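You will see chain A twice below: alongside chain B first, and alongside chain C after that.
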Partner chain A sequence: MKTRKYLKVYRKFLHTSLASELEYKTNILIDLITAILSLIGSIFLLSIFFQNNNSIGGWEFEQALIIQSIYTILNGITNTWFNPNLTEIVKHIREGTLDFVLLKPIDSQFFISLKKLTPSGILEIMLGFFLLLYCIKINQINLTLSFLILCLITIICSICILYSLWFFISTTTIWFVKTWNATEVLRSFLYIGRFPLNSFSFTLRIFFSVFVPIAFITTIPSEVFLGLSEIWKILLEVIVAMVFLFTSRRFWLFALRFYSSASS
Partner chain B sequence: MISKLINNKIFTLLKVQYSNMLEYRVEIALWAISGIIPFFMLNIWTNNNLNESINISNIMLSRYFLCAFFVRQFSVVWVVFSFEEDTLMGKVSPYLIQPLNPFFRYFAQHLAEQITRLPFALIIIFFFFIFNRESIWIPSLGILLLSTISTFFSFLIQFLIQSIIACLCFWTEKASSIERLLFIPTLFLSGLLAPVVSFPEYVKSWIYFTPFPYLIDFPANLLSGNATNISGGLSMQILWILLLFPLFRKIWSSGTKKYTAMGS
Partner chain C sequence: MDKNIIDVKNLSKSFNISSKEPGIKGTIKHFFKRQTKSIKVIKDISFEVKEGEIVGFLGANGAGKTTILKMLCGLIYPSQGSISVSGYLPFRRKENFLKNITLIMGQKQQLIWDLPPIESFYLNASIYDLDNFEAKKRIKKLSDMLEIGEELFIPVRKLSLGQRMKSELLAALIHEPNILFLDEPTLGLDINAQRNLRKFLQKYNKETNATICLTSHYMKDITSLCKRVICVHNGSISYDGKLDLLLKKLSPVKEILIVCSSDEDANQLENSGFNVKNKTKNEITIIIDNNSITSSLKTILNNFDIEDLYINEPPIDEIIGKILIKKDYDI
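Up next is the complex of A and B:
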């Protein structure tokens, strides 16, 4: 019953945000060109790295492309859902309109995380997906059902971690109203998700797997695609994703106790 | 004489904007941190010995990326986002009545932000030197002066390009998406992520005719003491400024003729 209500509400969200976004049709086209150029740029950068080397951190060019494609898919998801919604939180808190959200008979986290949608990000997801299909072809990966399920699990876990990171930072605005640039810091950290974790030095590797688990987000799914990943890594990712989701939820509920609306 | 100089419009604007910017210290500190991508790139380059193929030693490469970070810090431009917001909100109308081109206001804003940013950038550089003691160097006074000038030129070029895009707000509502599109080649071709020397021949043959390598690569090479053509680079920067400035004037005058305040 409850899920049906939420599904119904989400359908309305989709309808309204699509209707308002489709007013800017040329914008969507420009965003698509931006996504394509950015993918070309990253592949260009990767090709510079591989100009005189056969492997970086144990990854060959064709294998590193898988990371690139998974990054593109996840970036598309970020641009479609996380970015537009979670920058909205800052606005809600600054202008005090979070009151209206809290008063609604619906879960506040659900409302602020899914209210908006930017359709151009979906094109980016498709772009990443096509690159992934191409990578599967050039790396000669055999697709079996159990393999696909494993891949799906790791990618879903990555999405959960990514969402939690975004949501976690956006939540902190309840205390420090003006930290929307914190998401820019996160963005620049996420940038390194385009490269295999092994290509970084040991200290950075520790930093990016313990403090900001970017390592889990792209490298582990790519390893699964290549059939290189051990089962404990996948389990670890599932655990990390669950811990992150759980803490971000608790953190939001905790932060709400400190919310005191605007100008009070 | 001195009091006349201080009462000057520009100085008043700068003073106002500086005190305004000081209020946003935390935000600006976060901006500064979000620019650390060059250090991650440096880590990939040195950790995989990629620099051997382009004949740059580890130390020179670390200096290069440090300077790239520094130049980027002082050439960040966001005028299109401010202008877009001001046009949509109708704040531009009162600015237009004043006997001062509104872009002077934005220009002063940027300069004030750079002054506020300086201490944070210096702190980051200090930490960089703690971890990379062997790359400490002191550039000569002449080089310091020349690279300051070329960094300022780089800022000017980007400011002019973005102002031209910002003027498109008079015709379309969301000019910032065009800026996001143009940011992609700036990111990959300016030398922020990889020095232009390392680019493949088919790119190097035409890239020096575009403004991109003069934005980061040239000032960074100059400051870090890597080989570069000083007079050639500076004159190309001046050439681009001379090309872009009349274009801006033209688009500004035809844009203001077209402008109708919101709701008319």
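Up next is the complex of A and C:
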């Protein structure tokens, strides 16, 4: 019953977001062009790094392209869902419109995480997906059902980790009111995820695995695609994703106790 | 006898508020070491509201009216005391509680800016578990009551403030709540829009027996909607009771302008022991106590030749203004 209600509400979210975005056709067109140019730029940058080296950190250009494709898919998801919704949390809290969300008989985290959608991000997801298919072809990866399931699990885990990190930072707005910068820092870290983790020094590798788990977001799914990953790494990613999701949820519920609403 | 739908006992709320000295030095100091202090914005208040009642919360800016409303609907946790609304603890925000209430804020909006209001209505309907048929029926009913039609299909950003407020009301009432919390709902509206909104609220209350808690700085909202008012002064309740009793207490006299048939009659009236405020030729203004108004007028009409008579009430805004700055009213 509840699932049906949430699906129905999400259908309405999709409808209202698309209708809102379609009010501004030029904006959609510019976003689409930006997405294509951004991908071309990233591949060009990557090719410059490999111009004089056959491999960086043990990764060849064709293999590094897999990381780029996963990054593009994740960036597309970020632009489609996380960016329009999670950055809005700051606005909701500063202007006190979170009041309307909290007074609806629906889960507030579901509402503020999924209410909006930017359609141009979907093109980015598709571009990333096509690039991934191309990478599978040039790297001669053998597709089996179990392989695809493993890939899907790791990508879903990546999305969960990224979402939780972003949501966690946005939640701190309840105390600090303005945290735009923190989410920007997170996005900058995500850019780092375009490159293989092995190409960084040991200290940075530890930092990007333990403190800001960028390694879990792009490198591990890429390793799975190339058949380089070990099972313990995949299990670890699943555990990290679950812990992150659970913690961000508890943190949100805890933070709401301190919500004081904006003055009228 | 209607039962209590809202029960508030010894409610208090404190906020930690930081203060900053002016100038660059103050800004730097504020950045590195923030001076915060706990301020008690609501101080040990208790009151009850009966089902179907319309209660107006009066008070100066910052008196604590909005904080009380937000605690009643469960947005803010109380620091002390207890609140029961419709049998629920508001801050737990249980689904059935949320389906029973609504909050309308004159200065904040929930409608989707780029889309016509009708889209927001159907979104809210799905959140409140209403099917399309039921939602359509309710939208029709409420839009008839609010006298809005084609505005429902125009993007919100192109609507006037009055049209937007009506649409906000419709969005907030689509689930037919039986407790309405209204925080300055007529803010910024023109006189006609204010009157229409008041008319609607009266009608809604009459038809659904909904309980309404209202704050407003427009006295007409309070006088035409609320029989009972709760005056809040610096976080404490300074008066809780009937509005007309309060007005009588604050304005115990009336001014009466009497136009006599002749100057002689006016002179006689001036010397007959009434409290005369002023006199010009055959016109005389006297001040009479509210309690003796009937007997005094009878005496004047029986003993003097009167051409015309006007009873002047002091302006309501002036009277209410006194409430905002005074601490206690013993009535």
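As a convention for this text, the second predicted complex is superposed on the first by the 263 of 264 C-alpha atoms of A that agree within 3 Å, B and C clash if a C-alpha of one lies under 4 Å from a C-alpha of the other, contacts with A are read in each partner's own complex, and residues count from 1 in each chain.
The rule is short, and it goes like this: contacts are C-beta pairs under 8 Å (C-beta built on N, C-alpha and C of every residue); 3 or more make two chains touch, one makes a residue touch a chain.
Bear in mind the structure is a predicted one, so any value in this text is a computation, not a measurement.
Participant: Would you mind checking whether chain B and chain C clash or fit side by side on chain A after the superposition?
Facilitator: Because the two structures are overlaid on the shared chain, the partners are seen to fit without clashing.
Participant: Between chain B and chain C, whom does A:Q51 touch in the aligned arrangement: first, second, both, or neither?
Facilitator: Only chain B is touched by A:Q51; chain C is not.
Participant: Could you tell me if A:T247 is touching chain B, chain C, both of them or neither one (first, second, both, neither)?
Facilitator: Neither partner.
Participant: Using the superposition on chain A described above, determine whether A:S20 touches chain B (first), chain C (second), both, or neither.
Facilitator: second
Participant: After superposition on the shared chain, which partner residues are touched by A:T97: those of chain B (first), chain C (second), both, or neither?
Facilitator: second
Participant: Looking at the overlay, does A:T172 come into contact with chain B only (first), chain C only (second), both, or neither?
Facilitator: The answer is neither, since A:T172 touches no partner chain.
Participant: Which chain makes contact with more of the residues of chain A, chain B or else chain C?
Facilitator: Of chain B and chain C, B contacts more residues of chain A.
Participant: Applying the document's definition of touch, where does A:K8 land relative to chain B and chain C: first, second, both, or neither?
Facilitator: The second partner, chain C, only.
Participant: Look across chain B and chain C in the superposition and give the shortest C-alpha distance you find, in Å.
Facilitator: Superposition on chain A places chain B and chain C at a least C-alpha distance of 6 Å.
Participant: Same chain A residues contacting chain B and chain C, which ones?
Facilitator: 24
Participant: Sort out for me which residues of chain B touch chain A in the complex.
Facilitator: 24, 26-27, 30-31, 33-37, 40, 43-44, 47-50, 52-53, 172-174, 177-178, 180-181, 184-185, 187-188, 193-194, 198-200, 203
Participant: Which part of chain C faces chain A closely enough to touch in the complex?
Facilitator: 15, 66, 70, 73-77, 93, 95-96, 98-99, 101-103, 105, 107-110, 112-115, 119-120, 122-124, 126-129, 155, 183-184
Participant: Can you list the residues on chain A that touch chain C in the complex?
Facilitator: For this pair, the touching residues of chain A are 5, 8-9, 11-13, 15-16, 19-20, 23-24, 95-97, 99-100, 102-106, 257, 259-261, 263-264.
Participant: Can you list the chain A residues touching chain B in their complex?
Facilitator: So the residues of chain A touching chain B come out as 24, 26-27, 30-31, 33-34, 37-38, 41-42, 44-45, 47-49, 51-53, 56-57, 176, 178-182, 184-185, 187-188, 191-192, 195, 199-201, 204.
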